[in-house]
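Letters A, B and C mark the chains in the order given here, with residues in each chain numbered from 1 onward.
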Amino acid sequence: MFYFIIDILGTIAFAISGVLVAMNKRLDIFGVFIIAFVTAVGGGTLRDVLIGNTPVLWMKEPVYITVIAVTVVFSVIFVKQLKYLRKTLFLFDTIGIGLFTMLGIEKGLAVDLLPVMCIALGTITACFGGVIRDMLCNEIPVIFRRKEIYATACILGGSSYFLFIRLPFDGAYAYIAAILIIITVRLLAVKFRIALPDIYGKGKG
Amino acid sequence: MFYFIIDILGTIAFAISGVLVAMNKRLDIFGVFIIAFVTAVGGGTLRDVLIGNTPVLWMKEPVYITVIAVTVVFSVIFVKQLKYLRKTLFLFDTIGIGLFTMLGIEKGLAVDLLPVMCIALGTITACFGGVIRDMLCNEIPVIFRRKEIYATACILGGSSYFLFIRLPFDGAYAYIAAILIIITVRLLAVKFRIALPDIYGKGKG
Amino acid sequence: MFYFIIDILGTIAFAISGVLVAMNKRLDIFGVFIIAFVTAVGGGTLRDVLIGNTPVLWMKEPVYITVIAVTVVFSVIFVKQLKYLRKTLFLFDTIGIGLFTMLGIEKGLAVDLLPVMCIALGTITACFGGVIRDMLCNEIPVIFRRKEIYATACILGGSSYFLFIRLPFDGAYAYIAAILIIITVRLLAVKFRIALPDIYGKGKG
């Protein structure tokens, strides 16, 4: 139940991010819905397709399409008010990538993938909805450009999970600890403006 | 046989639409062929991948690649004459989305999806070839932008199918009725310039 | 072992081509890695997804992600020196598409596809990593635009394979002969500036 609520909050945060990008591009209501949908479930869909877990999750669980449809309606109506929710949405998004990463890792373990592939799968689950959103909106994906600690937080948290499960604790603790690490890394990076190293360098590029 | 002919006519119309977009972007002959191919079979391919119906349909039925190759050759040679066929192509395209929507719904029912997911799958079959075409041509997909009643017609027709099959008629009637509704909605929308509601509003955006 | 080395050299050449495109777009280090990765394994991934060969190959063989990660690190550090390797990289790339085409054809034969579909699958394996790379970098895929003999070489070599296996020789010869034909066609086309026929024509377009 607890995880379910996080899952829904993350889905809402992702869908709203899709609505905002789509409305910024002046898409019509169908386009706004598709972009919101793809942002929210695209990462999990890509994950399911890559491991052959089909029909993909959202087709089997109508809760996602329902939540996203309601989110789109409210977001379009109250789009001006959304800016006052920026911090809340950022928090939902951050909690969302934490959970989504671990959901992806679980799916990878279920098909016997190596830890490194599970971490990749978790990162895809958390981050590639936004990548598909940006591709559809004719932009280079934002997580490839901004040097933000976003996917990196997922990779760090996912890696720590595979360290934790070697410790003599219950697996559930490792799961929660990994989610908390993802959230913490992301929050600290934003708070202290920590970025990925620059690979171009001044005067060198 | 009847459905087969509609399927081929729809495929031809979709392939020609791909040729026109690709030539407008001045792609080379290989690019024109790929864009035509993707426009015609991309929706069905995405559908098959999402439900795990692999190898995807066009790999098992060589009729599609053959029809598309012939269509591309003729379209490239007679590209100037194509403008005189605009109304015919529009009609083929409209009949095509009607049939493709129902083909997608059938595939969804075959894997026990809920009605709402079958309708989504039908709409993907009919409309997402064009979405992939536009992504490859570096454009925001046209069906997300123009407020046209296109995907909406597929959704309405698909929904009506699930109403009709509850009525005491043969399922084949429901199938044909749904196709006719999609075609009619699309034709009326174009004829009377009915569009999706504007979500931006003057002076508000 | 021999094929394995070619596979790795091709993967390195593809990854480097991804690094160069990504750095040209000034992506961050995460973006550079993803683009390199997608360029190298994207074609094989699309192939595996289309035929339902999941989890896709790179998830089961950690050698690819390792080779690509090392390639990215070295490429980013020695990016200025890469220009001196242009001819070597071109050669690796050419050998790579030869092998990748035949790997794709093998996979198609393994799921009983028709020769024409196997050739399509081989071409997808060899060429569509670059297509996905260009989509992610917000460009119309370069192989659709330049009239280069690139995919065409794969198609010719793949087709010749299905002629050769009818001859009274061992299948392994046909395999190697097809790879050599792809490499030769590509090298000759570049050397003698042979291009795809122009479909626009001067003054006509």
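Here is the rule we use: a contact is a pair of C-beta atoms (placed from the backbone, for glycine too) under 8 Å apart; a residue touches a chain by one contact, two chains touch by 3 or more.
Keep in mind that what you see is a predicted model, and the values were worked out from it rather than measured.
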Kindly list the shared contact partners of subunit A and subunit B, in label order. C
Counting residue numbers used by both copies over all numbers at the interface, does the subunit B-subunit C contact come out same (over half shared) or different (under half)? different
Turning subunit A onto subunit C with a C-alpha fit: angle in degrees, nearest 5? 120
Cα centroid separation, subunit B vs subunit C, in Å, comes to 30
Identify all positions of subunit B at which a residue touches two or more other chains, and write them in rising order. 49, 52, 135, 138
Residue set of subunit C touching subunit B in the complex reads 49-52, 108, 111, 113-114, 116-117, 120-121, 131, 135, 138-141, 143-147, 151-152, 196-197, 199-200, 205
Which bits of subunit A are touching subunit B when the two form their complex? 22-23, 25-32, 34-35, 45, 49, 52, 54-56, 59-60, 62, 65, 76, 135-138
